[in-house]
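Labels run A, B, C, D, E, F, G and H following the written order; every chain starts at residue 1.
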Amino acid sequence: MSRTRTASTIDVVANGESHTIPDGQTLAGFLAARDLDPDVVVVERNGEIVPRSRFGELRLETGDRLEVVHFVGGG
Amino acid sequence: MSGEAVTTERASEVGGMTIGGRTFGSRLILGSGRFDSPDTLVRCVETSGAEIVTVAVRRVSLDRADEGGLLRHLEGTGVMILPNTAGCYTAEQAVRVARLARAAGLSEFVKLEVIGDERTLYPDVVELVRATRTLVDEGFVVLPYTSDDVVVARRLEEAGAAAVMPLASPIGSGLGVVDPLSLRFIRDAVAIPVIVDAGVGTASDATVAMELGVDGILMNTAIAMAEDPVKMARAMRLAIEAGRLAFEAGRMPRREWARPTSPDEGRVGE
Amino acid sequence: MSGEAVTTERASEVGGMTIGGRTFGSRLILGSGRFDSPDTLVRCVETSGAEIVTVAVRRVSLDRADEGGLLRHLEGTGVMILPNTAGCYTAEQAVRVARLARAAGLSEFVKLEVIGDERTLYPDVVELVRATRTLVDEGFVVLPYTSDDVVVARRLEEAGAAAVMPLASPIGSGLGVVDPLSLRFIRDAVAIPVIVDAGVGTASDATVAMELGVDGILMNTAIAMAEDPVKMARAMRLAIEAGRLAFEAGRMPRREWARPTSPDEGRVGE
Amino acid sequence: MSGEAVTTERASEVGGMTIGGRTFGSRLILGSGRFDSPDTLVRCVETSGAEIVTVAVRRVSLDRADEGGLLRHLEGTGVMILPNTAGCYTAEQAVRVARLARAAGLSEFVKLEVIGDERTLYPDVVELVRATRTLVDEGFVVLPYTSDDVVVARRLEEAGAAAVMPLASPIGSGLGVVDPLSLRFIRDAVAIPVIVDAGVGTASDATVAMELGVDGILMNTAIAMAEDPVKMARAMRLAIEAGRLAFEAGRMPRREWARPTSPDEGRVGE
Amino acid sequence: MSGEAVTTERASEVGGMTIGGRTFGSRLILGSGRFDSPDTLVRCVETSGAEIVTVAVRRVSLDRADEGGLLRHLEGTGVMILPNTAGCYTAEQAVRVARLARAAGLSEFVKLEVIGDERTLYPDVVELVRATRTLVDEGFVVLPYTSDDVVVARRLEEAGAAAVMPLASPIGSGLGVVDPLSLRFIRDAVAIPVIVDAGVGTASDATVAMELGVDGILMNTAIAMAEDPVKMARAMRLAIEAGRLAFEAGRMPRREWARPTSPDEGRVGE
Amino acid sequence: MSRTRTASTIDVVANGESHTIPDGQTLAGFLAARDLDPDVVVVERNGEIVPRSRFGELRLETGDRLEVVHFVGGG
Amino acid sequence: MSRTRTASTIDVVANGESHTIPDGQTLAGFLAARDLDPDVVVVERNGEIVPRSRFGELRLETGDRLEVVHFVGGG
Amino acid sequence: MSRTRTASTIDVVANGESHTIPDGQTLAGFLAARDLDPDVVVVERNGEIVPRSRFGELRLETGDRLEVVHFVGGG
């Protein structure tokens, strides 16, 4: 969070923490940059679920709030 | 013995259960938490014969490569994944998590939990009824984890729940069926399936529950935390079948005084 | 499913038990009293997987042609016949009946009963120990039906009994395991097999008993007097296996407070 | 022994309980239903030491001269009358009956019942919370009869209830404390008094309940339907004191193995 | 409240018990082991109302001045001293200790223990019956500590025992009444007093035992090891009276379905 | 209910049943006519509770719905 | 038991009841006369068990006490 | 036990341990020497209980086996 912010980056909040990402990065790009398989996660953006088919086109914007979840063991 | 053969055998013995229009050969639903490894979980799925496995919805780790996800491991087993809303304390939270779970594209089924107390993990039944209504309206097949309150069970049925899942004793306690009467009240009061959820600690607990006439049991800790989980999974499978068969067979009446099993007459030397 | 295949399956799952030098694949001993017909008995033998069946010794009818005898019916099942001394109230009577039973030429095994009270059918343990000594001296393989008294159990072992058979609750009562602690005391105190005899009323009672670590269960009324005896026989077989597996698997610890099975961390929207 | 002397004695032994700002010397609340005569009721009030007696609100008979009313009989006992809303199935009905009861001018106290199921007489906890809120807003001192659900108990406390009155088992069943754990959960979760209401069948049930640390017990059928109600009333009074004292005294720990009470050393002839 | 007044009150309430021709106002026999001081013991004697106190026979210390002896402390209480034969494992040892105890010149009463197992402190009933016969022949008033075996109880009665003292659960375990049915069998089978000896852990255990119709209870650890022994002594006294009164009063019948205590008819607004 | 109705009577419903009473009868009169002690009953008229102090002045009107209740044994 | 006794018959007690049988009848004959299969019964004579191999040769005598037993259903 | 034995002492076993005492000592003397109140103990000598009235006259002899017991707390 203390990284220098340049004109080419924006800040988003994902899973409760701030992330500085390239301006114009898509959701698919955001996941790929973190080695996440888009087929096993579900993403909510600003309270709305993003259909998996739109991961490639959706560009993240400053202040976006993301929840990126998957299934884990639970009873 | 292959998993498939087993399912066939069981189905023919004690029938299966139908929830939300889907029929399952096994009456055991397995929770996937607290296993020492995905491999143990998968072996327990196979040994128990479970055809439904619950999972929780949690944030992925964005900082380090994640372990790949539970689904990859369960894919080969053919089970239905049943997401839960564990950890939610309001109807709103639970509805939100249910929607996220459905967006994974696996099914409309959700195990609905709205917790009201952190120490006992008792449900908040007021919120639970509200959340059930909302999710049913949105097309979910809702399986609410609830208390053993017969009036709440009926309200959940009225709200459109596909089954009710009363606890036998607190989640993770292993105390077994504390109040069999209340479970029978529920069994008699609703037409939807009754799945005992939480409290089973060992095989006899499962047999006791099934003998009450409930349709199935959801268990997790009893298997995951047994010293030998795979062996306990097998025990549970048999225990559930035994309990169901005994329920169908109709037990002998209890009596306080003894009654001989050998004839009284014709004794030697009388 | 044939009886033979079943035995094989079970033996591989939960092992068998060895009494008096003979090994049996099944941990269930079936009493043959109170069945509505020999045919039902035979079907219950097959369905339960029992390899030992108890019988009583009684006078034949000298006035009318007798029904032909139980043995003819059981011949095809391959079970070992275990004669009992039911109805005897002194060591002398019991010894006499045991000798008559042995003269039938089937085996040296005898289920020794010396009853001390007609209403409860409780054993007279003083006479029981005496009769055990006598019969052991005569070469019998003695399986005494006894109370749940650990000191008596040890005395029976010292007297040469091949197994001890404590009651779970009164014969024919169906009250299940009333005092699990005493059964465990016995299990820990003797090296010979412990067979729970009497009191089991439904499948879960059998599972509870086996989870205590006993070696097997003798039951009769629970099956014979079930509404559907054959189905209950199947339930009992599974219940015993389930209980044995659970005993071997090592159950989770009990706890009074709940413990979540889904992770606390990573919840959505925290 | 006069009623007054008794109260003094008890108060000094186990203290009393304070509900809605009023202190009562006795921890026993007596229901006035099902007694064979007003005289028996009055004698049971005196013998039990109860200082609160519940009554129901019902239509007077307009066709024949009524028997004069219960109040006349209870006047001399000095007890506080606690009207209930028994027989109400919605919050609205219960509120209406509570208002009628208050109009009698005796007090602001009401035992709030909103039943959800005719066979089990289980409360409808959703309606119950609603009715509690309404009545508290109107200045009532509300004592709701509720299930043994800890989350509901806390909601009732938040709604302003002066005490919570969870059931031990169904009203009139006499099954005793079926789920002691849930009652303890409630005891630990709320700051207001916990009064066990319903299910007590005999004296030991009352002792068991009090040992859990609850503040008091409301009972009716156990006394009214005993063969000798007056003697049972005395038994109950002692049972409640015994249980409270034992709770305060702190019981010995349980252990599975025996432990001698006489010294091991110094035995004769060793 | 003075000890004397208390005895009077109790005697008039629930009667006393007569053993070996002597009548005692209290149904509680107190064991004197494991108290933190003689003073606590004496206060518990007074508070419990016990009129019989058991003691053990042990070698005096010949090397250092002994503490003076228990008897000095108990002298003022007016209780009857009941020596036990704790720690004896054969009939011969027990008889020897009984004779030593009688030589103290206090009475002919002896609490006869012949232990058969060190871990459970279960009696050896074969030796017990033998020792009872011997001591009765010598003029002792014999109160044997025995198992809950109805046949043994009858044998002890036949041997001349003045009472039988079956265990409720192992000595010092505090597990309460594990097998109520067996205690009732004994109560119905013998004409001499039945005193429950061992196993009571808290007040409700005593109430439960008394409700079975037994004549009295011998307890020690439950009081001596309570956090507040004197308060527990008072609790036990009330618990025993409550249980006895409830037994005499005749409890209501149990039922699984609820039954209203307020009238169904005449409800408002119907 | 099949009694002849004259000009001087009205009908009220009390405790669920119809009662024909003299026109102008007060609540106190209604109770007295039925031997009821006003001190031990509570009356609701058309959904409103009537304070005991008003029993004497309140005149019943045609169609009034009354609940007249008291305390009975109940748990 | 009140049947006429002739020179050619004797009385034995079998299973607690008196039976009049031909003098000289063997145990095998006794059983055959009652349709009993000797392979499924055990016989005690005057307190001593009779080996099955001796059924054919053993002649019953006046006053003999027999127990003839078999297995029946029992728990 | 390692004390020097002279002509004027004898050895007895009391409560399982050897005691060297003056020759001719009575049982009463034995108890008094150990500060024991004769009224609260019971004594068995060589398997026979000694009546309290004889404590004063009974002289201990070499090899006597004594059990000296009293009452202690016990359940």
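By definition in this document, a contact is a pair of C-beta atoms (placed from the backbone, for glycine too) under 8 Å apart; a residue touches a chain by one contact, two chains touch by 3 or more.
Computed from a predicted structure; not experimentally measured.
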Chain-touch separation of subunit D and subunit G, in steps, is 2
So the chain most remote from subunit B by C-alpha centre is H
The chain pair with the larger count of contacting C-beta pairs, comparing E-F against E-H, is E-H
Note: among B-D, D-E or B-C, over half of the C-E contact pairs reappear in B-D
Between the Cα centroids of subunit C and subunit F the separation in whole angstrom comes to 73
Between subunit B and subunit F, the Cα-mean centres are separated in Å by 57
For the pair subunit D and subunit E, the C-alpha centroid-to-centroid distance in angstrom is 32
In subunit C, the residues touching two or more other chains are 31, 33-34, 56-59, 84, 86, 96, 100, 119-120, 122, 170-172, 175, 181, 220-221, 256, 260-263, 266, 268-269
Shared-interface residues of subunit A (touching two or more other chains) are 15-16, 44, 67, 69, 72-75
Counting only contacts in the complex, subunit D reaches subunit E at residues 1, 9, 13, 31, 33-34, 56-59, 84, 86-88, 93, 96-97, 100, 119-122, 170-175, 201-204, 206-208, 211, 220-222, 224-229, 231-232, 234-239, 241-243, 245-246, 248-269
Listed in rising order, subunit E residues that touch subunit H in their complex are 31-35, 41, 54-60, 62, 65-66, 68-72, 81, 83-84, 86, 96, 99-101, 103-105, 171-172, 198, 218-221
Touching subunit H in the complex, subunit D uses residues 260-263, 266, 268-270
In the complex, subunit E touches subunit C at residues 116-117, 119-120, 122-126, 129, 147, 149-152, 154-155, 169-170, 175, 178-179, 181-182, 185, 189
Subunit E partner, complex, touching residues on subunit F are 15-16, 44, 67, 69, 72-75
